[in-house]
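The following pair of complexes shares a single chain, chain A, combined with chain B in the former and chain C in the latter.
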Partner chain A sequence: MKKMQLEICCGTTCYMMGANRLLYIENEVPPELRGKFEVKALPCMGLCNDKNLSGAPYVKLNGIIIENATIEKICDKMRAMLDD
Partner chain B sequence: MYSQLFVEMESFQFTKTGQAACGDDIQIKVLKDENRYLAVLSDGLGSGVKAHVLANMTTTMALRYLQSNMDTLQSVETIMDSLPVCEVRKISYSTFSMIDLRLGGITRIVEMGNPQYIQLRGTEEVQPLKHETIVSKHWPDRQVECYELKMIPGDRLIVSSDGVTQSGLGEGPQYRFGWRRSGEMEYARARISSNPEISSFSLARSIAYQAYGISKNTCKDDISCMVIYMRKPRVMRLLTGPPFHKDHDIDFAKCANLGEEHTIVCGGTTANILERVIDRKVEIDISKLRRDDKLPPAGRLPGVAMVTEGILTLTRVCKALEDSEPTDSLPETARKIIEMMKQHDKIEFVVGTKVNEAHQDPSLPQDLELRRGIIRRISSALNQKFRKETEITFF
Partner chain C sequence: MIRFVRAFHNSSLETELDHFPVEMRPRQDHSSRCCIYHDRAVIKYRLMNLLGFSCEEETDEARTLASYYKEAIAREKPADIADKLPLSVCEAGCSECPSSKVVITGNCRGCFSRPCMYSCPKGAISVVNQVSTIDYTKCIKCGKCTSVCPYHAIVKTTVPCEDACPTGAIHKDNDGHTRINMEKCISCGNCFAKCPFSAILERSQILDVLKALKNNEKVVAMIAPAAASQIAGTIEQLFTAVSKLGFTDVIEVALGAEDTTAHEAEEFRDKMNSGAKLMTTSCCPAYVELVRKFVPDFMQYVSSTPSPMIFAAEIARREHPGCKVVFIGPCVAKRVEAARKNIDFVLSFEELFAMLAGKNIDVISCEPWPIPRPAITTARNFAKSCGVTEAVISELGGFKDDFKLEAKAINGIDKKTVAMLKMYAAGKIPANFLEVMCCPGGCVNGPCSLKK
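Let's turn to the complex of A and B:
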């Protein structure tokens, strides 16, 4: 199965709001998610200035934006994606 | 020809093993308006704090006399008269070399008790135009060597304390008289022949390390080496921040044209502009992340040395420069930026002035200073603390 693509924004705002911790997500996910995704870091994705979004840090999972991202939130989305 | 030149003056020192302070002192002063580059290296008699104070008194006085064009004999005598005299040896408490380099003119070197300077053109030694030994009436047992020489682009001057030339003294038959000036010169020539563009700092460090190694990695005396290299300036460019008007993006991006080793991009939006122009994507390597790095990781983009995050990284660079922090303990990106700055003579900042609204959000955990202010502070720290030339262009 194709691995899920997780893009983590490392721009100023996202980094300050917690993206630095997200970068280590591979070590922190539960066993069932290990090896199921690939992590890529990106410079500012330009989302931090979008007033319609609710807040940094931003990540994209298979292109879908996750706002106020935390490791738990990302894991939930991954599980949902695997279930589909 | 000479107005385009840069005079790189750097030094490296080892302190005598077991001493808290280096007994040699080096001071440098650039008189830009007069096209003059002054340097003094002094070796205080003995070692440790006392020697350091004596050496420092000497360099301070000598630099002042050089600057005011005081007569050579008079300045040397004034220095020797002011320093205390060793009760046992009846000699004044320091030796020194004074260098007055004039771009396009005659360079004068005055030495009192220090090893003779070395002038190299490529790997060839250059003899002085004139050499005269003068003896002071006050100090008949001390000789003052005065040299006049011509420095042309590409030339190097190497000035060392006797801790370099006498290193290894007594370490087997090869070093019966120490490394000597001839050994030091041979070594410098070999280094230059394998790396003709070697920087003053690298050469001075390399000579000092060699002297240290010859002494079996202990310093029996303070080791100081200064290298003065006259050459074309090395220019680097740092691009940061998107331009105020979007229409200027292309002109802004064109400034990243100095070559891969001389260009840094700091800021995600800045990187995005370049990505669009060259139609390539920034790649960030997270395989070597260190948890204690505290700054976002660096990215790669063809044509530039490195892409980093903007304001947090620049703020860290600014603080490190202002506080003269050792680079080893800095986060990777800040360390690389500062090292690159140190390897260049002129740093050009190309600064976009558009303010990122997201950075003004009061709920951010840290206040962010405006880019313009940070760059001005970095620029003045580079001018004042590192004698770098800087230029800021706003977009």
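Let's turn to the complex of A and C:
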């Protein structure tokens, strides 16, 4: 199966608001998700200027934006994606 | 904080400030505390500190943030920190944790082996009605019983700020509110870093720096070596990003650390050759303050070499006469040192990043800054524990001396440090060079650093 693509915004705002911890997500995920995704760090995606979104840090999972991303939130989305 | 910077650049801070708490916690929103009004009050106090006022300075609770802003923007120099603390307690944010206590919970099964009773050094535990009971007149809160109970039935409740304070400067007043005792506080920032409610705030100078930059004053940024561990990009990219904020120049504090190393090595040789038995480092301001306030007799052993920040400021002022200097680092105590030693401003990394984000400057998209003369690695390593020692050892390598350097390090100040220093002074621990870092691991783990 193709690995999920997890893009983590490392712009100044996202990095300060917690992306620095998200970069280590591979060490934190539960066993069933291990090896199922690839992490990529990106420069600012410009999402922090979008008033309709709720807040940094932002990540994209297979192109879908996750706002206020935390490791739990990302894991939940990954599980949902695997189930589909 | 980012919002604050953006509003400043739009010149709308004065009108917007009082709306911030409401906009950040609108009516339909969930509150993190009991209600949104409580949240808003805490945000107001945070903004007050961002303007440079401590919560304790508040005399009129109805005073608007706009009025604080007017006072802040009119001042020539940042709010006085030398005589007052850089830290302030936000009463509204403090959860008033109950004082530390060892408690026997419902998990106690009244077992027959009774390890809690036998491990207690004070005989404070007895079994009443088949349940262990603590006699609080005898309990010294050592916590030994908590680790031996097979049912994990005994817990020690903690007060994070009090437990983190190495000097006992933080205490509760009769109302249960936390207070910081100015006489005892060494501004190490441990309480600030450990409070899970972030109720301890730093009085910021960010507005003063923003104002100076806006007025096109000559301002030089001095970046502490610990920055390398804080950013996504390289240190060179960070320098470019910082220069885009409008600073005249950006220099490494590590250049100052080279001077500190040279002076400190020379001072060490002089002292050893004239028969001194011990010398300690002096670049950690919280440690120097600890000695000054608690073991004044020990001051004779503390090196008189100025810290890297001071040397870096000299370099900056030599290259840009008449400039103002800003130290940017992970340290609370540096704010006090800076105020005493004529450094114009201090910013934390968090404040710097807010300034960058407020201007939409992305560090990892920046071109690398051509650093004219990069600092040597040993100087950059000042930020980690034992870094100073290594630098001094490599500096001493060029000399042939009769004495041998025996280095020891205190890596992180805690409640036992004062006793340790006394042991060193009495010669009970063999060493002639002692490095003391207030934060475990060194400045890279400073109270205002991001990675924690």
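Simple rule for what comes next: the second predicted complex is superposed on the first by the 84 of 84 C-alpha atoms of A that agree within 3 Å, B and C clash if a C-alpha of one lies under 4 Å from a C-alpha of the other, contacts with A are read in each partner's own complex, and residues count from 1 in each chain.
The rule we apply is simple: a contact is a pair of C-beta atoms (placed from the backbone, for glycine too) under 8 Å apart; a residue touches a chain by one contact, two chains touch by 3 or more.
Everything quoted here is computed from the prediction, not taken from an experiment.
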Chain A residues touched by each partner, larger count belonging to chain B or chain C: B
Contacts of A:Met16 with chain B and chain C, given as first, second, both or neither: both
Touched partner set for A:Cys44, first chain B, second chain C, both or neither: both
Contacts on chain A seen with chain B and repeated with chain C across the two complexes: 10-13, 15-16, 19-20, 41, 43-44, 48-49
Chain A-touching residues of chain C, taken from the complex the two chains share: 2, 231-232, 241, 350, 353-354, 356-357, 360-365, 450-451
Complex contact set, residues of chain B against chain A: 267-269, 271-272, 282, 284, 286, 289, 291, 294-297, 299, 307, 309-312, 356-359, 361, 364-366, 368
Touch list for chain A against partner chain C, complex: 10-13, 15-16, 19-21, 41, 43-44, 48-49
Footprint of chain B on chain A - complex, ascending: 10-13, 15-17, 19-20, 23-24, 39-46, 48-49, 56
